[in-house]
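What follows is a set of structures for review.
Two complexes come next, and they have one chain in common, chain A, joined by chain B in the first and chain C in the second.
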Partner chain A sequence: MKKVMVGNHAVAWGAQRARVEVIAAYPITPQTQIVEKLSEMCADGTLPARYIKVESEHSAMAACIGASATGARTFTASSSHGLVYMHEMLHWAGGGRLPIVMADVNRALGPGWNIWTDQNDSLSQRDTGWVQLYCETNQEVLDTTIQAFRLAEMLDLPVMLMLDGFYLSHTAEAVDIPDQDVVDEFLPPRVSRHKLDVNDPHAFGALVRPDSYMEMRWLQQEAMRQVPRVLETIEADWNRLFGRSYGAVESYRAEDADLLLVTTGTVTSTARYVVDQRRAAGEKIGLVKIKMFRPFPTEQLRMALAGVDKVAVLDRNISPGHGGIFAEELRSALYDLPNEDRPQIYGFVLGLGGRDITPAVIDEVIERTKQGTESEREDLWVGVNS
Partner chain B sequence: MRELRLHGRGGQGTVIASKLLAVALFLEGRQVQSFPMFGVERRGAPVTAFLRLDDAPILLRCEISAPDELIVLDATLVGATDVTAGLKPGGDILINSPLSPEDFPLLSARFRVSTVDATGIAIRHGLGSPTQPIVNTAILGAFSTDSGLVRLSTVVDAIREEVPMQIEANIAAATEASLAVRRMNAPEVARA
Partner chain C sequence: MPDILMHKTAVRGVPQVSVSQTSTLVTRTGSWKSIRPEYHDRMAPCNQGCPVGIDIEGYMNLLREGRVEEARDLLLAENPMPSVTGRVCHHPCENACNRRFLDGAVAIHAVERVLGDLADASPAAATGALPRVERVAVVGSGPAGLACAYHLARFGYRVTVFEAALQAGGMLRLGIPEYRLPRPVLDRAIARIVAQGQGVEIRCGARVGSDPTWSELTSTFNAVCVATGAHVSRALDVPGEALRGVQRGLDFLRDVNAGARPSLGRHVVVVGGGNTAMDCARAALRLGAAVTVAYRRTRDEMPAIAEEVEEALREGATLSFLANPVEIVGPAGSVSGVVCERMALGEPDASGRRRPVPTGERFTIAADTVLTAIGESAELDGLPADVTTSASGMRVEALGGTNRVALFAGGDVTDLERTVADALGAGKRAAIGIDRHLRAVANNENEATSADALRFGGGNVSAAQWTGRDPIRRVAPVNEVVGLDDLNLHHFARVPRQDDAHLSTGAAIAAFDEVNTGLTKDQAIAEANRCFNCGVCTQCDVCLIYCPDAAISHVADGEANYDVALDYCKGCGICVAECPRGALTMTRDRA
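Up next is the complex of A and B:
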């Protein structure tokens, strides 16, 4: 069933089709429509889940942790300051290996107080032990919400999916809502390996001494290492059932390219438009979309980018004192390539706090990359009144 | 691809109008993308919404700076704000007004202007209150006739699908407005 819907409602429909059992969430612009829609669904019986109202995002994640520990399929959504307020609890969910799924509507952090999109909220949760998946369309948002539960529950890892504030959250486009019986075939009820059960007591979150803590982190890392392979099988299954797949990394018109754009989120769509124009004009330009940021898809990116002359990374984020975060991680991933295969990397910082990224902005990125022999600095800012 | 911009005031249903139009065009098999001006909205304050439509998948995910046509749900915005900013020369403007297109000489010199008294129609059909009528379905009925981009029957289908209350009154308003459009008498301005 196809319907015209905003990205926030695509998240809610994904959670509904995944048959989530517990939701604990707190509203924040531009995520509010997600929790409104889910509470409506819980109230009218469309989604027979327990909706727990809380007084803050920290409590929302704490409630999700408790619910997930009992074996329930658990969901929440947040954005910006709400997400960073959860930070401590995100570590508890990640370290506790709880397969919670969360949607984050990417929004800039204040000050300056700003409700528009950039990726600093989710990227600053990089080391909390959550898988991170960045979406480009409302269909991808809905599909990823469902897929995230299977990934999370197979590996006991929490999964965060991201959608750009307003560019997806408040933009309506056609989205196919998959049939419930087919989703049920794809995503069976959760079977948890360990759970809080009064009839079978275990201790959770107890003191772990130096003789075992490191092994817990090792096991977490080993689970992360399995994500690319498991996501591939999940996507193959999804493609068989619904005829759609996305990939942790996607190459678009990258064949024989001598310049590749590296994008995430909605910028990817506008960049596809620009790539199509450049290709029509005979230029060898393509793009590589990064969907998965954690675990970082090092192998896939080496394969996608090795041998290309120039790579321009579009970062809608900034690590103050360093540079665009995707560019920095990409430099590290490609460092071990042989010299002759290693591309020149140009890291562009743009679109912060919701500044619009138009085809003209992407054209500027391409021209600056084409003209440059060596990047004069690691963070090349676009459109800033310096 | 065609790009539209809608101007209204908070409470008139401007963002919903953009969504309803997107649903109607989708029902006709078009690709659509509808979004509000990114920001915050207040009752009575200017509200802007956008719509892209195409037969091919829409790749652009950025704001619309040079629309092909405008729908203006509140005539007091003409002059008070720069509603025609970026509008392509010869572009279409549909204004909610009891006046005729010739009464907007500054606009009709450069653009193809049409008018419809959506406020009067909405009040007659009891949509919103007499002081704050909800004019979105009426103006969409007028838009279907004026633009030829969408059929009245699919606007009606979209209303049935999306509008939660007063469905028949909204349909009646859209239908009446579709017959009440006033077009410019002057020769058409050459389209870009």
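Up next is the complex of A and C:
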């Protein structure tokens, strides 16, 4: 069934098709429509889930942790300061190996107060033990929401999926809502290995001594290491059932390119348009979209980028005192390539706080990369009126 | 302490989380506590405040669950005529309702009326009582007499009611105008009472004392209940009271209620501030008169039901306060005005109301008719000579007993409160007193049960508890009345009280049609949903949900609906603090 819907509703439909059992959430712009839609679905019976109203995002994640610990399929959504407020609880979900799925609508952090999109909210949750997936279209948002539960539940890892504030959250596109029976085939009911059960009570999250703590973290990392392979099989299955797949990393018109753009989220769509124009003009330019940020897809990126002359990374985020976060992580991932295969990496910071990234902006990125010299590759800001 | 270790079977791909291998049940945290929660139902203030002794909270709870017929039957267990009281009772229950502190008292009278009309539309339910051979006479068919007969019939007795008037109903029929209590409603209520048990026989036109005599009655029946009411209007005792156009308010109402439409002239002055005065005023308005009510105190001191005062004002009556009639004047033997003295409020009197004191200032209110309504008293002369009376009526014990064996009394003829609800409650007490007496005689034993054991708080006795056939309570509530401080209002959303529908004022005073048209059944159920169920566990699960130790669980057949696992309850008291309705209390742990 195809429907025209905004990205926020695509998330809600994804959660509904995944047969979520518990939702605990607190509203925040531009995420609110997600939980509004879900509360409507709970109220009208479309989604027979328990919807828990809470007084803060910290409590929302705490409630999700409790619910997920009992074995329930659990979902929440947040954004910006709400997500940042959850930070402590995100560690408890990650370390507790609870397969919670959360949608984060990417929104800048204040001050200055700003409701528009950038990625600093989710990227500052980098080390909480959550898988992070950045989406480009509303269809990808819906599909990823469902896939995220299977990934999370197979590996006992929480999964966060991102969509750009307003560019996806409030923009309507035609979206295919997959049939429930096919989704059921794709996503079986959750089977949990450790269950919080009042009739057989055990202490959860209790004291772990130095002789064991490190093993717990090692096993968490082991699970993270398996994500790329498991996601690949999940996507193959999804493709078999629905004829769509996205990949942790996607190359677009990258064959024989000597300059590749590296993008995330909705910037990718604009960049595809620019690439098409440049290709039509005979330039060897393509792009590589990074969907998965955690775990970082080092192997896939090495394969996608080895041997290219120049790579321009478009970072809609900033690590103050360092630079764009994707560029820095990518630089680190490609460092071990042989000298002859290692591309020059140009890190551009742009589009913060919702500033528009138009084809002209991307053209500027391409031109500056083409003209770039060895000494001017990091922390390159685009469009700043200084 | 449980052995907190990591999952030892960890291999690659198996998640390791910090979960204890041993069950935490080994840690009996309950051993730390010195206090613990206890479930015991307490008394809702409405139940305590009801002179009839109705389990209002109980029927609200049933109605909330949509168990309409059970709610009706629980109401009928205590109240013989809810369709009547739903219309005319002064509803002290609502004045006691804790919801008045949030968003308005539950409209109990309106819910009662809906259930009452439902009851009158269906045949009498069996009570499960075995037929008794004893016969009981009830003298008077007002609310007290009918209530006594009703409960006795439900206890299994054969009852004969003697009524001096030509129709049953007493003051309900003679005193209360049709626009408050339509006669078909009263007739249906009486018909249902007559159909109880082995049947109630009502003999109208039979004035006890002459035919039959008291001695004939006491020799023919095993017990007698006197419920003859208070039908004597008090005199004003001012000059001019004998002028043409001066009438006792009760006489006027009796005529109007019998269908007469007397000509009153242009100006009518009603003297008094009680319900009879309001009935006179509103009836006179319907006969086309301009009505002034002269009352010697102020509105705050008026004994009339507040809604009646409001209705009288809305319908156009003028209330003249601090006006004490001192003389009725008129030329040629007919009244033309009432001379009043202006009063001022002084110190409180024995009733707690501020006493009116004269100021010396006089004024005259024009009048073609004066209706006096300053109170009624009981006719005590016709009673058996040896009964004990006070100045205002017969003296009775807690269960209606008099100084004579097997002679009981209730209602306005006694020296207790004079309202319809009090009369119904008194009739029930007398019925229980008679049942207790006759069973004691039959079994040759003492009359053991005290009235206090059957009371709702400090309120009236419960027939359901007396017969032991209470359909909903496994255990009688503790006689502690739940106040606002015992409730947790955070669990209740604000929902405004629903007002009864009313005729427009123009339509109301054009005829004697019923003014208050009540609530619908759905509205009544919505009102029942507003009930806090003060002090009574409704299995709302708040305690179970909030218990941080998961120590509370459901019980199918216990005295309480929940069990507290005392091995694990730490006595934190969260359940007690969170209970919305005060059905849980903390008590000292048994050492």
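Convention: the second predicted complex is superposed on the first by the 384 of 386 C-alpha atoms of A that agree within 3 Å, B and C clash if a C-alpha of one lies under 4 Å from a C-alpha of the other, contacts with A are read in each partner's own complex, and residues count from 1 in each chain.
Keep this in mind: a contact is a pair of C-beta atoms (placed from the backbone, for glycine too) under 8 Å apart; a residue touches a chain by one contact, two chains touch by 3 or more.
Bear in mind that the values here come from a model prediction, so they are computed numbers and not experimental data.
Asks: I'd like to know which partner A:Val208 touches here: chain B for first, chain C for second, both or neither.
Replies: A:Val208 contacts chain C only, not chain B.
Asks: Pick one for A:Thr171: touches chain B only (first), chain C only (second), both, or neither.
Replies: first
Asks: Looking at the overlay, what does A:Arg193 touch: chain B (first), chain C (second), both, or neither?
Replies: It touches chain C, and chain B stays clear.
Asks: Mind working out whether A:Arg355 is in touch with chain B, chain C, both or neither, as first, second, both or neither?
Replies: neither
Asks: Looking at A:Arg368 after the superposition, I want to know if it touches chain B, chain C, both of them or none. Which is it: first, second, both, neither?
Replies: neither
Asks: Kindly classify A:Val267 by the partners it touches after superposition: chain B alone (first), chain C alone (second), both, or neither?
Replies: first
Asks: Using the superposition described at the top, list the residues of chain A that contact chain B and also contact chain C.
Replies: The answer is that chain A has no such residue.
Asks: For the complex, give me every residue of chain B touching chain A.
Replies: Within the complex, chain B touches chain A at residues 18-19, 22-23, 26, 31-36, 38-40, 58-63, 65.
Asks: Under the definition above, what is the set of chain C residues touching chain A in their complex?
Replies: 2, 4-7, 10, 12-25, 550
Asks: Which residues of chain A touch chain B in the complex?
Replies: Counting only chain A, the residues touching chain B are 2, 4, 29, 115-116, 165-167, 170-174, 266-267, 269-270, 272-273, 276, 354, 356-359.
Asks: Which of the residues in chain A come into contact with chain C in the complex?
Replies: Where chain A meets chain C, its residues are 95-97, 155-156, 193-194, 198, 200-208, 212, 215-216, 219, 222-223, 226.
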